[in-house]
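Each of the next two complexes has subunit A plus one other chain: subunit B in the first, subunit C in the second.
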Partner chain A sequence: MQDFLAYTVLGICLGSVYAIAATGLVVTYSTSGVFNVAHGAVATISALVYWQLRQGWHLSTPLAIVLTICVFAPAVGIFLELVVMRGLRDTSEVTRLVIPIAVLLAINGLATWVWFRDGSRAIVPKKFFGEQHLQVLGQAVYYHQVIGVGLAMATAGGLYVLLYRSRLGVTMRATVDDRRLLMLNGGRPDRASLGSWAIGAGLAGLAGVLLAPQQGALQIFALTLLVFDAYPAAVGGRLRSVPITFVGAMVLGLTRQYFDWVSHAGQSWLALRNLRNAIPAILLFAALLFLPQGRLRGAVVARTRERFTVPTMKQAVAWGGVLIAAMAMLQALMKGAAVISLANGMALSLMALSLVLLTGYAGEINLAVYTFAGVALIVAWQLDVGPTGLATRASLSVTAILAAMLVCAVVGGLIALPALRLRGLYLGLATFAFGTIVYQLVILQTKPLRGSIFGHQFTINLFTTGSLTVPRPHWFGIDFRDQRAFLMLMTVMFVLIGLALVGIRRSAYGRMIIAMKDSPAACATLGLNIMRLKLGVFMLSSALAGLGGLMWAAQQRTLANNNNFDGFASLLLFMIAVVGGIGYISGALLAGIFLSVLSVVMPNIFIKLGSDYPSLHWFFVTGIGNFTKFVGPALIGIRLGKNPSGIAQQVMDGFRPLKRVPLGTAAWASSIVVLWFLSWRGAIGHWTFALVVIGSVFIVPRVLMGMFPERFEDVANAGQEDPDLIGLARPFQRHDRDRFDRELALPGHDRSRSDATS
Partner chain B sequence: MSESLAESQPEPIREPIREPILELVDVVAGYGPIIVLQSVSLTLHRGEVLALLGPNGGGKSTAMQVCCGLVPIISGQLRFAGRSITGAAPDALARAGVCAVPEGRGIFPNLTVHENLMMATHTGMSLAEIEHTAFARFPALASRRWQLAGTMSGGQQQMLSMSRALATNPAVLLLDELSMGLAPKIVSQLYEIVANVAAEGVSVLLIEQFARSVLRIADRAAIMLNGRIVRTGPPDELADELSAAYLGGKANS
Partner chain C sequence: MPLLECQHLNVAFGGAKALNNVDVTADSGAITGLIGPNGAGKTTLFNCVTGLLHPSSGVVVLDGRDITRLPPFKRSRLGIARTFQRLELFSSLTVRDNIRVAGEIASRWQRPRVDPRRETERVLDLLALGHLADRDVTEIPTGMARRVEVGRALMTRPKILLLDEPASGQDEAETEEFGDLLLQLCADGIAILLVEHDVSLVMKVCSYVHVLDFGSTIARGTPNEIQANPVVLDAYLGADQEP
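Now for the complex of A and B:
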């Protein structure tokens, strides 16, 4: 009984901090409609700023608190709203999820750059009033915790009054419902949004400062995850209700502490030791499942235009051939290290392909791609390597690949099945929770699982030694341990899967998927079984994720059960896939290459520059190099707001004029081949070749347009003709569609041209 | 009919000439490079009910959105009570007394009726006062005070929208397709209120597709076709031309 009371007290203390974090999330969501994934990152950077002010620069505690929570954190919130979130209005749900992910990664990258750029160092935040404590019901409670409880109660009460009783708060909530109407009523939505972001970020900062001492030495991503733990409370309150969120936070805090009590801090059952850390994710999953969902609504036809053109099968085959040829030519010119990072990129592209099907075509979200990679790895390892730990096979077997894909499909089906009712953001959160659960309970599992089925004893080794190794394939007499050969194998696989996806997209099944994305209600009225469709797509996509993940693992050869699987990698991949162009096979290709090149090659270039010019070393290496490494990908993600259809679309639009000048294009292509040959023979440098090719990509389409103006007349004259006659007088073309987008004031396609209407 | 009413009112200041309150002067407006309004001039006088009629896609709603500041003007002028307010923000216009009830239901579905009415308090009137007048005008709302506005019927939503608009004591009331999706009985009830409000001195710009329902209460009417005002005049004169406009014929008199 004594223990029970003591753990209750601790649970309330923990729940209070969760309550502060979760209500902050509720404030921003209920007043801006954006689920601020970056909430945890704001908390983390605020904790670091507080540490810097209090312990780094020895300011007094009250001053440091005021500067952090009332000045710094709200300023971050206001900055985010002004620069990033404001552009999210009228964008699709995927974009509204991706951009906060990008912000999260950017803030954490920035924090790493500022505080941890030279590797690890011990930043140990202190509690308020140090170790001073009270005795409550026989339990020592730090003043720090008492302050947390007090602040949580004040926050909850204050927010309730603000949101439901004050005009400002009601204005904030009205902003989400209908901005334009609010303006027509004399409200000022921009101010209301700024206010809500400032308050939300302030609460995040407070939560960060309160949570940070729990960790001992501060670790950026771990602290961010600690704030994520509070999310189930907010979801339990449907991201709107402050009182339910508060109760949810208490339930969460108590559950964790009671588990500690029952399990003696996880020591009772070693196999379930990590269950403690998985509790928030389990509760999040549960909250999502039992959450009352809105009915299917027909009226929510999104006013966005993220439309992806579909290539014909012929085009797709042609481009696949071009890709294989280009990759073969390219790798011939590259050094070993560059080939490795290109192959890493190709493996990531294979993983991203699963997202093209799931998110690009079907509009569903999976934030746990790497989890499927982990599952596939475990399955393939059981079959090909076995619990003896010795590599018994020289080649990855086809059986292992198929088994891994099958298991991934089943696992994907199992999470999708209960989550079928969920859509968009909620489904994304459910997959993220699932990823965390698998990470904590399976991937971090170092105890072999023993059991018996029908009398057969079996042992499943998970990451028993902390890492797993899978062999690379040895097929058709080719040893793919050779990096170049494996790169080509993956390229061919990418092309084949890509073709299959284009085939799916062009089939009746593909049209059903697209229809489901556009309007589930309309599908239901047409007699489509949405549940079965969704389940099928999810399983197929999970199998593809497993396949891609397995190739990625084979590319790495040995994978540790470290932060590859902790969720952030999946977030990053998802983000980059959307940035690349989630509706395109080429988008997945760009995404993988991009991720690999940006995080490896760019910093290397700057390190090289730094060693060439020692006096500018700090500028190149610490300044630009590390900055690109830590913050670069995320900044590109934030740019997405400007072009939600992704980079692939932009690239293709750039090349579109070439179609009308086939001879010029052929000349250009053959001159590239000639240059490649010269470069391959060593007549010209590889860098010269690269620069000429990259430069020509930008210049040639424009030059051709200038040389043959008569072939582009209709593009130049767009917007002058009577819209009624387009399609009758001449065929309906792409630029006409752009024009109608603008006329209908559909945002998203290109905001800079349609800003006048927002 | 309310023109004669206006003349009979002993208000010397606006007796001699009818004073314009809201004017569009050669307004060109549209979305991006696409021009929707091609040089529209329209004057709304103080205390008058002006019906803006015409078929779908003629630019009526754009004209209204220009009046309340939601669509920027490319060239031309928007004048309110004699002053140019071209380019003013929608919230500034609302605070100055140009109140719009937009197409569809002008309510916040996730706020309660009470909170919806709270959004009208920016004029300085107390919430209690606003609720009192609103509930007196639409008794159906009183019992739904704590209900989420989005869960009410279409008619009730439109009543809420109207009462919130009227609570701000606007000088100009812009009503876009008030009748859309509502039962005829409710529509005529709403227009009766519009007529009453106009009689109290509020100037009303009505936009309608179903012209018959508003010609009864309008003092003047204008027909809009392909982004131009093609005809302005007393409602009974326009009634005949309307069918021509709707059926695609030329509306020349």
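Now for the complex of A and C:
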């Protein structure tokens, strides 16, 4: 009994910190509709800033706290709202999730760059009042923890007064319900948003400072994940209710501590320790099961800004041919290391293809693509290699691939089930939780699973030695252990799957998927069983993720269990896929190439420059090279807010006019072939070739348009249609109002007012 | 027996009652009007009938069957189709595909199966949307977009069609033509429940009219009776509404 009470006290201490973190999330969500994934990153960087002020620069504790919690963190929140989040209105749920992911990666990248760029370094945050503690029922309760409980109480009380008793609070709650109505009634939604972001970020900072000492030496991504642990509490409160979130946080804290109690501080046995780490994710699933179904979402009133055009099957086949030919020519030019980078990119592109179906077409979210890769890998390994086999000898078999895809589809279906009734965001969160559970309970297991079914003994090897080695295929008499051959195999697979996806998109099934994304409510009133369709799409896309993941694993050959599976890699892949242009096959291609080029090639270029010019070493290596490595991809993600349809769309828009100048386009294409030939023969450098080609992609369309202005009059005049007809020929839209404001030199109206289309 | 019967429907949003013991019926082969000032609860009633909203009490009966507990897609399969006041078109698709996909959805559950492609062309003709068929649905004027919604609903070959202000955004000539279309549809045996602010259209096509105000039925009767009813006039003038 005494133990029970003692662990209850500890549970309340832990729950208090979760409560602070989770209510911060709720405050921002309930006013802006943005699920701020970056909450954990704000917490982390605040903990680092606090450490810097307190232990680095020896400021007094109160001063350091005030500067961190009341100045730095709210400033970050305000900055985010002003610069990034405000651009998210009228965008889809996917975009509204991707941008915070990008912010998360950017903040963590920045923190890494500032504090850890020279590799590991021990930053050990101290508790308030150090190790001083009370004895409560035989358990040590640190002053630090007591302070946490006090602050949680204060937070709860403060938020209650703020949200339900103050004018600002009423405005904040009204903001997300109906911004326009609020403005008509004289509310100031922008100020309310700023306030909520400042408060939310302040709470994140507080949570970060309180949580940081738990870890010993501070690790950026691990601390961010610690804050993620609080998210299930917010989900339990439907991301809106502060009181339920508070209760949820307590449940979370207590569950964890009781678990420790029951498992006798079960740190000794790995399986149990990992189960402890998976508790928040498991509770998240539980919360999803009990959440009431929301109302069916209708179409977004103001049209979302994402637009994707669909290629015809003929065009798709032609582009597929071009891709295979281009890849064949490209790899012939490149050296071994570059071929590997390219192949890595192609493998990632294959994984990203699953997201084109799921996210691009259906508007749903999967934040655990790498987890499916892991599952597929384990299945295929059992079939093709087995505990006694040698992966380097074996060939990846078609049976194993199909089995892996099947298992992924089933697993995907199971995790999607509880979230199908709910909005897309919840499915995304469910996949993230699933990723955490699989990571903790399967991928980190180093003991094989043994058992018997109907008398048959079986052994399932997980990452027994901490890694798995995957065979490459040996098909049609070709040994794909050869890197170039494997690159071409993946390219062909990419094209075939891509064509299949375009086929789906153009079929009745594809139209239904699009319709479901555009207006679930309308679909339901036409007799569509939305849940079944969603389930089908999710299973299909899980299978594709498994297939792509298997190819990616085969590309890596030996895969360790420690990276790629902890969730952040999946977040990054998802983000880059959306940035690339999630509605397009080419978007997936760009995403894969991007990821591998940005993370490997770019830093290498700068390291080379740094060693060539030692006096500028810091500038090239630390300043640009590391910075692009740590922060670059995330910055690209943040830019997405400006053009939510992605990069593929931009590139295609650039090319579309070229159809009008077939001769010029042909000349350009053939000069690339000639250049390639020269480069292949060694007459010009490979890098020169690459730079010229990439540059020409952006320059040639402009040049051609400049040379034949008469053929592009309508393109140049787009958006200059007769203003008298706007509103008659088509509905009056926001950009029209902006244009009128601009041309009439009116002071711009508030941009948040949604357009009056009906 | 009427095709659709709503009995004692109650819906509240927070403290405000959007529907208060409302009874509405609709017969096959007839157009039933549902009118009332803004905020009277007309759209809320549609949401209850189609299952997008659950009433706190009351029942919805279709063809003698209690459908109050059925999810929206099952109700649609029993023959209910609707349009939306705040347009719910599939904004990534063209006009033709908006209509066609409805047929494709329907052909998954409907027997006998109709070729969606051929049916699409028929409906495009019926609604005089042929010249807009390949346009993006976001580019066309609101009045035409409302017709697309009607076409989409027709693709399920419903027994009853719920239309939520289908004429707003159409000009006078188009409305006239649209009224004739509605009469033609109900001559084929469909029941139509029409919410409309254009009184002349309601008077022209409806055989029976229900009037809602603040969530309660304040009058019902033939168009002529309604027009003469002082309570109705009061509701409209009092609410300071109606163009």
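Simple rule for what comes next: the second predicted complex is superposed on the first by the 698 of 758 C-alpha atoms of A that agree within 3 Å, B and C clash if a C-alpha of one lies under 4 Å from a C-alpha of the other, contacts with A are read in each partner's own complex, and residues count from 1 in each chain.
Basically, a contact is a pair of C-beta atoms (placed from the backbone, for glycine too) under 8 Å apart; a residue touches a chain by one contact, two chains touch by 3 or more.
Remember, predicted model here, so these are calculated numbers, not experimental data.
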item	value
Partner chain(s) touched by A:Val114 [first = subunit B, second = subunit C, both, neither]	neither
Contacts of A:Arg188 with subunit B and subunit C, given as first, second, both or neither	first
Touched partner set for A:Ala217, first subunit B, second subunit C, both or neither	neither
Contacts of A:Arg167 with subunit B and subunit C, given as first, second, both or neither	first
First (subunit B), second (subunit C), both or neither touched by A:Phe308	second
Subunit B and subunit C contact sites that coincide on subunit A, given as residue numbers	757
In the complex with subunit B, residue positions of subunit A that touch it	164, 167, 170-171, 173-174, 176-178, 180-188, 719, 739, 742-745, 753-754, 756-757
In the complex, subunit B residues that touch subunit A	31-34, 68-72, 89-91, 94-95, 99-100, 102, 106-111, 115, 118-123, 164, 168
Residues on subunit C engaged by subunit A in the complex (per definition of touch)	50-53, 71-73, 75-77, 80-82, 84-93, 97-98, 100-102, 104-106, 108-110, 116, 138-142, 152-153, 155-156, 168-169
Complex contacts: residues of subunit A adjacent to subunit C	295-296, 298-299, 301, 303-304, 307-308, 508, 511-512, 514-515, 517-519, 521-530, 728-731, 757-758
